[in-house]
Amino acid sequence: MDFSVKIGSLVLKNPILTASGTFGYGIEYETFGDLKKLGGIVVKGLSINPRQGNMGDRIAETPCGMLNSIGLENIGINAFIQDILPKLPYKQTPIIVNLYGENINDFETLSKITSKREEIGALEVNISCPNVKQGGIQFGQDEKSAAKVCEAVKKHAGSKVVIVKLSPNVSDIKKIAKAVELAGADAISLINTIPAMAVDIYKRRPKLTNVIGGLSGPAIKPIALRMVYEVVQVVNIPVIGIGGISSVEDVFEFILVGAHAVQIGSANFTNPALSFEIVDSLQIMANKLNINSLEEFRGKLII
Amino acid sequence: MKNIECIDLRVLELVPLDGKEFFILRLCSPKWKYRPGQFVMIRPISWGYDPFLPRPFSISNLDEDKLEIFFQVVGRGTKKLAELRPNDVVKVWGPLGNGFEIDESLPILILAGGMGIAPFLGLIKNHPYPENIEIVFGHRKNLSCYPLKNISRKILIWTIRDRSERDLLRLKKAIQVKIEGYSADGQIFACGPLPFLDMVHTVCTSKKTQLQISLERPMACGIGVCLGCSIPATSNKNFQVCKHGPVFRCGDLTTFCEHRGF
Amino acid sequence: MDFSVKIGSLVLKNPILTASGTFGYGIEYETFGDLKKLGGIVVKGLSINPRQGNMGDRIAETPCGMLNSIGLENIGINAFIQDILPKLPYKQTPIIVNLYGENINDFETLSKITSKREEIGALEVNISCPNVKQGGIQFGQDEKSAAKVCEAVKKHAGSKVVIVKLSPNVSDIKKIAKAVELAGADAISLINTIPAMAVDIYKRRPKLTNVIGGLSGPAIKPIALRMVYEVVQVVNIPVIGIGGISSVEDVFEFILVGAHAVQIGSANFTNPALSFEIVDSLQIMANKLNINSLEEFRGKLII
Amino acid sequence: MKNIECIDLRVLELVPLDGKEFFILRLCSPKWKYRPGQFVMIRPISWGYDPFLPRPFSISNLDEDKLEIFFQVVGRGTKKLAELRPNDVVKVWGPLGNGFEIDESLPILILAGGMGIAPFLGLIKNHPYPENIEIVFGHRKNLSCYPLKNISRKILIWTIRDRSERDLLRLKKAIQVKIEGYSADGQIFACGPLPFLDMVHTVCTSKKTQLQISLERPMACGIGVCLGCSIPATSNKNFQVCKHGPVFRCGDLTTFCEHRGF
């Protein structure tokens, strides 16, 4: 069956993307599977200049999940374009850059740089990172600033598809979603990690040097599913579901509530071949569900 | 990336050493070539969603028949590993990291603290000139907790039980003396808990001796993508311990040592 | 060692409370342990009139947690006072009533009724239930209405300690916490469940008939811990930690970030003797942590 | 509350019946008295945090030596139960619910659909007058999947495999005929999947026959506190299936049937 989906003008051969920060720059996974199989690759969040991220301990395990406070360590947009991009199979699999700026200006610059590269399939605007002082989640918690960032990126993005990635740490995700749709977003992806914390009672210390980090993994899937469901009801642009997806069943859960595509995140750490395996089992699952197209299933939750 | 592979391996056996804390886990062999100091990420299928993350372990030994892991129960994950039974299936990816750069023609001094012995077991076993190896092994628990039985008689091994401040001083002394002997033309490899490495590192730095040191950091991916194990290499560049390490040359760690206090 | 803590004027012999909705009306647990051991019992949410709650399926399991959409089924405040209260060991263990109103009026009435009963130790104001149409979470997501409910209850509560229970589904929990402190709350408890969802891809149906329910259990502990930590920094009243607590270690995690007491919730379902067992292991844990008083440990996270 | 107890029980054995789907789990005996139709909540210690909830199972049999559960693998929890091994420890609380009200002097008609046979196994075994019992057993899977071997020869058992619409009609017919025979002075007990109970319920209601029916609902606590298993008893009062049931008298279920469509 045909698993292709359209995210704005971008065509994915299947709805399986990899989530930013959990799949490196893509090439690290070549040894585990054929990158060309994937619907798309969302690379680690990129800033204008390289960043070292936060100090000290920056991951911790939690029940059915994990915390991270990487703080957007990355090699910078230029190194990515020069050193990595040519090695990626961008002709067969769209490469989506995840963009992080400390301010609107940064986002504009990043948009200008990336929109010129034909190797880049789409831009994902990260206004939801809980692990950085400037920018990040602070943009994603307020309708106005979320819209502003979206407009700024859109202005310079030319024909590139712009996906805005939302933070779950808001009272009403629908409002933010509508705001970025109005601001011109071609698609919305959600959720980013949820601000959370873990401590070591024996050392009396937080497990993350940064104290607070972002929660991801199966633990948050029910929250992500609810938010995708809520957002799908109020916007007319495609929604990309993210949060705890660990199996092909999980993929179809997100499609059932209305997602066009999904991203596999932390689950890549539990099995580096997982994203490829999920692509391989799409057809088996479609057979089990007795469907001949994704449209038949997407958003078809019976209430 | 090099020949890293992710496969499901069956448990052959789990051998307890002196109680319920130290174990050798034998898995079917993935038949990889590896370098001592390299490691694997391990995640039993039975873990389901929880514990969530895989766990990193040094390859203690790897041959045609088996992959061996020597581990200590310290937390939730290792406790669950100690419940594995023959034929249980474990997801394993590796060989990961760089491993020690070994010149087999030169004498080797191994400085191991406790579980820090793990990466050296295969090295010791497979080295063509065991008489060229000398080990200083500092340990807290009974010697019977560590799989030292099969170490060649040709290898000089100094074991020092470290239970008090005074023992620690003795250990330090021994290490200082030994290092001296290798500073000119030998190779020095170290692995162990941070305070142990700290001591070794200080001695080597003060004596301007070459040293290869294996580090541990909490890890999620083991393959350089999560950036959870990063340490500062210089003030504007990081190493990922899982990818650029876990073995580092003493001098490469300056920035990390400044930040983390060793 | 002395484990007693003060929540306003209310003295608990130890910091272990049971969370509303997970411990029935208390008496159901008599067969599993001595109720008098507990620091306190928070009973199922009570409304003025009996309620049947939501229709259909109202629980579902999720990774390391569960969803519920009970919708505040309860026997009503009067039946509780007449039939249940006399059977509870209220002289030895404070009984805390969890109050739910559809509007401010309801809360005032409930406050009037309950504050007159000497058998009742404190009132917990539930402005955070995600499973009801009126009241509930809608009060808890807005500073002004949260404060209004708190004032209304406080006005009639006389000398009774008033605890306000917060919803995690907000952008900034600190704001709501400060608002209810200002409105006169004697203590704050948090978190209630997080709105979330689960679906059955084979039946194409939500697992809860109500579609959305509240997520609880170990999955949410890192989020709860973060929120307690954040709230403790900005208020001067005691904070009661709730969310995924399943062991005595978890209890001390919440105390370490600054909680005065904790509530054991869904974990009671995994082992009905758990709350009693946790009380029994407080001393063992204090020994392991090498502490002689809770004050030594409370909020003593080293950053 | 009655004598409900929560204890840790060791697994004695797990006996597969015809493949990997049907099992008898034998646990050390908690030495409770129980009534057929009562159930237990079960949660293996090894589950840790996940799967999170315990699972409800009928007490199939309980004597001085053992507690027996007959179960089918249907989802994540039962799949994990099927991995239990001797000496694993399982947290169990019970006996829960009301159970069937049995008058041993009257004839009994048991209507069981598939796993609905579970609560009756002990009843059958311990009844003083097995010749007074008759069973209609509708089943989808091979008969060898169900533990019927040890059922007394004195008991009349009609087994009807239900694989098609026509089988279903035959089953319905058989049940109608049988019920007739018991409507005057007998007792009728039913347990099985909802559509099966639906059918039984309809027949009994139309014939104005007394019927005790055992219901299943998703459960979290099993003791009446989570209110997850509530069903409407009347338009302003609920039953908790775990506490007021799982066995109900036909007439008590009117409101539930209206809402849930059976």
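Read from first to last, the chains carry the letters A, B, C and D; within each, the first residue is number 1.
Here, a contact is a pair of C-beta atoms (placed from the backbone, for glycine too) under 8 Å apart; a residue touches a chain by one contact, two chains touch by 3 or more.
Nothing here was measured: the structure is a model prediction, and the numbers come from that model.
Chains touching both chain A and chain B: C, D. Looking at contacts between chains, the pair that accounts for the most C-beta pairs is A-C.
Separating the centre of chain B from that of chain D, both taken as means of CA atoms, is a distance of 54 Å. Chain centres here are Cα averages; for chain A and chain D they lie 46 Å apart.
In this assembly, the C-alpha centroid of chain C lies 35 Å from the C-alpha centroid of chain D. Centre-to-centre spacing of chain A and chain C amounts to 34 Å, using the average Cα coordinate of each chain. Within chain A, the positions touching two or more other chains are listed as 62-65, 217-218. The set of chain B residues that touch two or more partner chains comprises 49-50, 76. With chains as nodes and touching pairs as edges, the resulting graph is complete, every pair of chains being joined. Of all residues in chain A, those touching chain D in their complex are 63-64.
Against chain C, in their complex, chain A makes its touches with residues 62-65, 67, 141, 169-172, 194-199, 201-206, 211-212, 215, 217-223, 225-226, 229, 244, 249, 252-253, 256-257, 288-289, 297, 300-303. By the touch rule above, chain B contacts chain C in their complex via residues 49-50.
Chain D meets chain B in the complex at residues 46, 48-50, 83, 85. The touching residues of chain D, counted against chain C in their complex, run 1-6, 43, 49-54, 76-77, 91, 93, 218-221, 223-230, 232, 236-238, 259-260.
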